[in-house]
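Submitted below is the structure of interest, expressed as structure tokens.
In order of appearance the chains are A, B and C, and numbering begins at 1 in each one.
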Amino acid sequence: MVNDDGQLYTIEGVAAALILLLTAYMVVNSTSVYTAGDTHISDMQLEVVGDDALKMMNTAPNSSVDKTSLQTIVETGDSAQFRTMFDTIVNAKTGTDRDRIQFMANVTCERDGVVSSVPLSESSHMFAGGEHAVRVSEWVIVDSSDCTDPSSGKHAVLVEALVWRD
Amino acid sequence: MARLNDDAQWIVLMGFVVSFALFFIAILINQSTVVGQTTAEAVSEFPKTDIREVRGMIIRSEFLSDENDKTTVQREIRNLSLSRHNAVVNFSSNRPGGLDPYTYIEIHYNNGVTAYNETWRSE
Amino acid sequence: MTDDTGAMSIDFLIGFTIFMLAFIWVATMIPGLFIGIQSHTIDFDAVAYRTGVILAEDPGDVGSLATAGIPWELQSNPSQYPDKIARFGLAVSKDTPGILDETKVDRFFNTTEFVYPTDYQKWAIFGDFPYRFNISLKEEGKDTIRSVGDIIPVSYPYGYIRRDVKIRSGSNTTIGETMIKTYHYNNTEEVFNHRFSIMINTSSLLFDDVGMLKSPTGDAAYRLNPMRDRIIINITDFDKMPEPLKPGTTKSVSNVQFYTRSYGKSTLDPLPAVSPSGFLYMDGETTAVPAFPAAFSNGISMVFEPGFFNTIGDIGTDDTIFIYLTFTVNQKQQFLNNTHTEPFPYDYNPVNVTQPELTDAVIEVAIW
């Protein structure tokens, strides 16, 4: 006795399973196009904290201080001081652990009518080019710096920092 | 060949139903991803800190005691904003005169996407 | 036809098993699909960002039932009248983003007064969804972490933002030997009762230049507001003025009176008497003295909590506050007394007053 619809359930089962798996595969593929990095949320967080850190460095601790730390650092080109201070502020967390934000800062100014930059400081992990970095900046008015015209007088310069997590 | 037997088609139908459900969920997930993305992009793209910083600088520069310093700093604010923040920054001031004891500064900021205008008055 | 049912049953079992296996596999995958994306997709990060901005950059706001002219952090009894507060915000002013006021921070983290989570959801988090959250703050150089909220989940992600800020402390002064000699507060007659006056010029504090900083460029962060900030006045070195006191001298504060002087006037208007239990501390003790006269041995402190001067009378922003201390000694002699010199000025001179300090701090907001 041959029954030719004997394998029908099996075939349909396999077909249904194939459809399911194919759909799941497509769903996983299509949603994983957007990952956390692609949504720029980590960029936003980096930008906020980097901006804050530069701003706090450019805030005097009390009204008797006539120059902020950032002004002094730019005027003297004190790379080590910038590294210590920025690292302390930008990587601070409320817990005992610390963040791993790396940075590379330079000073941008106008010299002889041309906008140019000179490096100011960088963290222990050098910028290799592959990192996903965001740029933050802070305006400072300085009396002199490595960047501006050596002529006397005050200048507006922009301290820019690339920040990234390694 | 025997008659067409459609007894087992409900299994493949279930497969289809579940697949459609999955697609529906996938669409939801994608939509919610877009929420996070647009939020982060809106935050990153709206130049809140740029505007605030340049505004503070303009006000500070207006009260520099030395006229030469003021001219230099204000020129540098315009040029650096244009080259580094891709923003056209323009401003002009009215110093106290006559019966009006206040300083007014008109500030315009435009980076092509966001424009910001303000008439600042000293207190 | 007899064994048809058996063949069908095995076929059905195989087909259905294959289908079920695939279904279960896909079904178990779905929650993982959701969780992996959840925190970065639903608006937790956006809410965390918004809360961070409100806390770090906004001075907060009062609601419709608020006492006029008083900021949110000094509104009394908001748990009974929730409409007194519209929004928490820790910044000193709207012109000083990132600079937080110590008074606001203290009030914000007062979890005995504000109820977690409802009050914080209403005034800091916002939104209809009952978000759970943890807001913590750590000041540089201090070991304690201030926080409000639940424990941050470890097993699944959450929305997060971190803000680097500065916290502005209150001001204080210690009137000691150097200042007494510089200002000649010791050059007095030999009597039993001595008066020492302190002047807090509200309009000068509110509108004059702050140290190096000229209004309107960046002075707001350092400005003292006697109506809002904590003011601490310590007086020490009583035994050195101008030379050691006579042996067997006992000394006490017999009264503290408050006066105001309106702008452009020369007369002083007395304010109602205030119990010393609200502000007067002797010899470094932690409880205030209950009543006058109050004997002391080497030092007194007056701690005027934020809003103190609002509560004792109607003081305008143009008024100058005078604090008159009356000291009584049991033997006629010279003592701390500035009746014939000038009142001690509580001002922006760092020699007179230790100015507010801004210390680094970090805020973390987690939302889930």
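Miscellaneous remarks
Rule of thumb we're sticking to: a contact is a pair of C-beta atoms (placed from the backbone, for glycine too) under 8 Å apart; a residue touches a chain by one contact, two chains touch by 3 or more.
Note that this is a predicted model, so its numbers are computed, not measured.
The pair with more inter-chain C-beta contacts, choosing from A-C and B-C, is A-C.
Averaging Cα atoms per chain gives one point for each, and the point farthest from that of subunit A is the centre of C.
Centre-to-centre separation between subunit A and subunit B, using Cα means, comes to 17 Å. Subunit C has its Cα centroid 32 Å from the Cα centroid of subunit B. Touching of two or more other chains is recorded for residues 8, 11, 14-15, 18, 22, 25, 29, 33, 36, 39-40, 43, 56, 60 of subunit B. With touch defined as above, residues shared between interfaces to two or more other chains in subunit A number as follows: 8-9, 11-13, 16-18, 20, 23-24, 27, 31, 34, 39, 41, 44, 48, 55.
Among all residues of subunit C, those that touch two or more other chains are 12, 15-16, 19, 22-23, 26, 33, 37, 40-41, 45, 49, 97. Subunit A makes touch with subunit B in their complex at residues 4-5, 8-9, 11-13, 15-20, 22-24, 26-27, 30-31, 34, 38-41, 43-44, 47-48, 51, 55, 108-110, 115, 134, 137-139, 141, 153-158, 160. By the touch criterion stated above, subunit A contacts subunit C in their complex at residues 1, 3, 6-14, 16-18, 20-21, 23-24, 27-28, 31, 34-36, 39, 41, 44-45, 48-49, 52-53, 55-56, 59-66, 88-90, 92-95, 99. Touching subunit C in their complex are the following residues of subunit B: 8, 11, 14-15, 18, 22, 25, 29, 32-33, 35-36, 39-40, 43, 52, 56, 59-60, 63, 122-123.
Listing the residues of subunit B that touch subunit A in their complex gives 1-2, 5, 7-9, 11-12, 14-16, 18-19, 22-23, 25-26, 29-30, 33-34, 36-37, 39-41, 43-44, 49-50, 53-54, 56-57, 60-61, 64, 66, 68-69, 72-77, 79-80, 83-85.
Listing the residues of subunit C that touch subunit A in their complex gives 1, 3-4, 7-8, 11-19, 21-23, 25-26, 29, 33, 37, 40-41, 45, 49, 52, 56, 97-99, 136-138, 140, 145, 147, 160-166, 210-213, 219, 221-222, 348, 350, 355-360, 362-364.
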